[in-house]
Amino acid sequence: MLVAVFTDFGLEGPYTGQMKAVLHRDAPGVPVVDLLADAPVFDPRASAYLLAALVPALPAGSVVLGVVDPGVGSDRGAVMVEADDCWYVGPDNGLFALVVRRARTARAFPVFEAPGAVSASFHGRDVFAPAAARLACGERPERGAARAPATVDRPDWPDDLDRIVYIDRYGNAMTGLRAGRLDPGAELVAHGRPARRARTFSDVPVGQAFWYENANGLAELAVNQGRAADALALRPGDAIGIRDPR
Amino acid sequence: MLVAVFTDFGLEGPYTGQMKAVLHRDAPGVPVVDLLADAPVFDPRASAYLLAALVPALPAGSVVLGVVDPGVGSDRGAVMVEADDCWYVGPDNGLFALVVRRARTARAFPVFEAPGAVSASFHGRDVFAPAAARLACGERPERGAARAPATVDRPDWPDDLDRIVYIDRYGNAMTGLRAGRLDPGAELVAHGRPARRARTFSDVPVGQAFWYENANGLAELAVNQGRAADALALRPGDAIGIRDPR
Amino acid sequence: MLVAVFTDFGLEGPYTGQMKAVLHRDAPGVPVVDLLADAPVFDPRASAYLLAALVPALPAGSVVLGVVDPGVGSDRGAVMVEADDCWYVGPDNGLFALVVRRARTARAFPVFEAPGAVSASFHGRDVFAPAAARLACGERPERGAARAPATVDRPDWPDDLDRIVYIDRYGNAMTGLRAGRLDPGAELVAHGRPARRARTFSDVPVGQAFWYENANGLAELAVNQGRAADALALRPGDAIGIRDPR
């Protein structure tokens, strides 16, 4: 049992720390792990593909506190989702859409009522963290409140996103495409430049761009001993073409 | 019970990790939360206003390990403070001044003696973390050693600081002014440009600067869908004017 | 008992969080501390001197999960080392060489077999973290598997490294030289400019470069109220000369 925190807050600043203080207050003894603090800023769609790729590596029973929430303070919904063996708490803006779609079973529930005053700008601390703590303590919502996760999924979003969703500190560029869904002979095309698949870095010449299946199953653009993001001028959100082998 | 760490160390580098290793060694089982690692560098005064704003969200009984300590290695004092329901450990340079002033009750004590060798440059690890761990384990200083926190407070510092104390990753600029102390009709003036109050981002046109009460009660300058720090050329320490309504 | 994580992953991105999720899954209740997340990127040699300097401040019994692993996916070895009172798990690329050399006793073992599928690019999560968790739970390798840590040490690496191994957020530049091994009158020479020793920052005029023994025993170049890395144009890996007093 652990609470995994997935946000676009960054680790700097007080936001992550204040959420964790609530988690430790309300769920003492439950470990809290920073799963990702620099999810695509203000972009629930790109974040949804990244989160869905990270989930399979979490222990069964984990609670995911997911906050990428540009609509905080508006009337966007809030949701708790039970999908396969894990729980998810956060805004109902599509952040959990791909988790839900890829799950064998999923149900959605209203978020537990906030225990105190709710600020206009920090529902992560005031609404979602207290709810995650209650789930981590074993509390469950009323079964009667369950609904199919219709509003959680985004039917118009594709099964795999042909865009850059994350650039890591080494300059590698993750796409929202699951490598297992691509033809092994397919090339990925970034700004008109095609890249072939390789198993790993040392399989291509120094300086050459390629793509490979990363440790979370996503197709990732990389350059052997270089920075793919710089070499290919890639930024989060950039479109990636798929050129299937003839 | 938790130890909340408030420093200007940054999360990069070994400093925060080494302090936490001491906390886990000396207070096993007590959770440690990074409350803020990028407090205003070398600036105990600005840090003091920020810390005081974050404290109300901490669970009762928390121990705050606060280290913004440009005078380390000099003869600046060191202090443990009991203020309302929490304890504070760190340098006696004003970092806890606003916490003390806003507390209903506060007492100051000498810091527990360091358990081992004390380096010249890292009292956070060698002096303050071991003391915080002892407090977290329930140990208390001799009551006879208590003194009024006269040296902890800084009588010449104002109750609210009309300066920027923090700029977050979204470019929002927090002031040291508590929003509840400002007239709702007041404008904040940054480099000659006035900004009115709004409830939250979506209440103003895209690109417009405004100020609002942030989740910790501070007046914060922001721009809807923009970066206030860039739009208004704000940096930590910049003075902010207050123009009351006529 | 704690697991200290030493990597070049950075805290951003999902890598550290995914390793920690494994640690909490496999060693529930054992605290995990980020000892250093920004070790010299792709540089096991510089990292080895930095790690060896940080180890003495760890509690006895700690498990160090050390991953600076540019050879991941190649046939570089993997190793578990028992050195004095601590365990180390990671790639057998010299990362633990200085720890081993400075230990009173050290033995090396093959890494516990990975519990599941092993990705080509993330042995930190798939191989080393599960092994660290087992060590943290008290499991030990077969004594018969022990060998002298011959392949772990790097006989051609010096006892102290006359290079910059880390630059911190204040612009201070750590060398791989233990201060206690240097003549107190020695000057350190960076790009032709000599710097004398001082006890700490306030002992030299503002703006003057000097070196001092940092809190981990390393010789560190600094500038009073300035950034040594900028003033002396220092970068990780730069060579540092030693000019002994006449």
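Letters are used for the chains, namely A, B and C, taken in the order the chains are written, and counting of residues starts over at 1 for each.
As a convention for this text, contacts are C-beta pairs under 8 Å (C-beta built on N, C-alpha and C of every residue); 3 or more make two chains touch, one makes a residue touch a chain.
Worth saying up front: this structure is predicted, and the values here are computed from it rather than measured.
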Any idea if subunit B and subunit C meet via the same residues, over half in common, or different ones? different
Can you work out the rotation angle that lays subunit A over subunit B using Cα coordinates, in steps of 5 degrees? 120
Determine the centre-to-centre distance between subunit B and subunit C, using the mean Cα coordinates as centres, and give it in whole Å. 31
Interface hub residues of subunit B, defined as touching at least two other chains: 11
Contacts from subunit B onto subunit C in the complex sit at residues 9-18, 20-22, 24-25, 28, 41, 72-74, 119-122, 125-126
Any idea which subunit C residues touch subunit B in the complex? 1-2, 4, 11, 31, 33-38, 50, 54, 57-59, 62, 166, 168-170, 199-202, 212-216
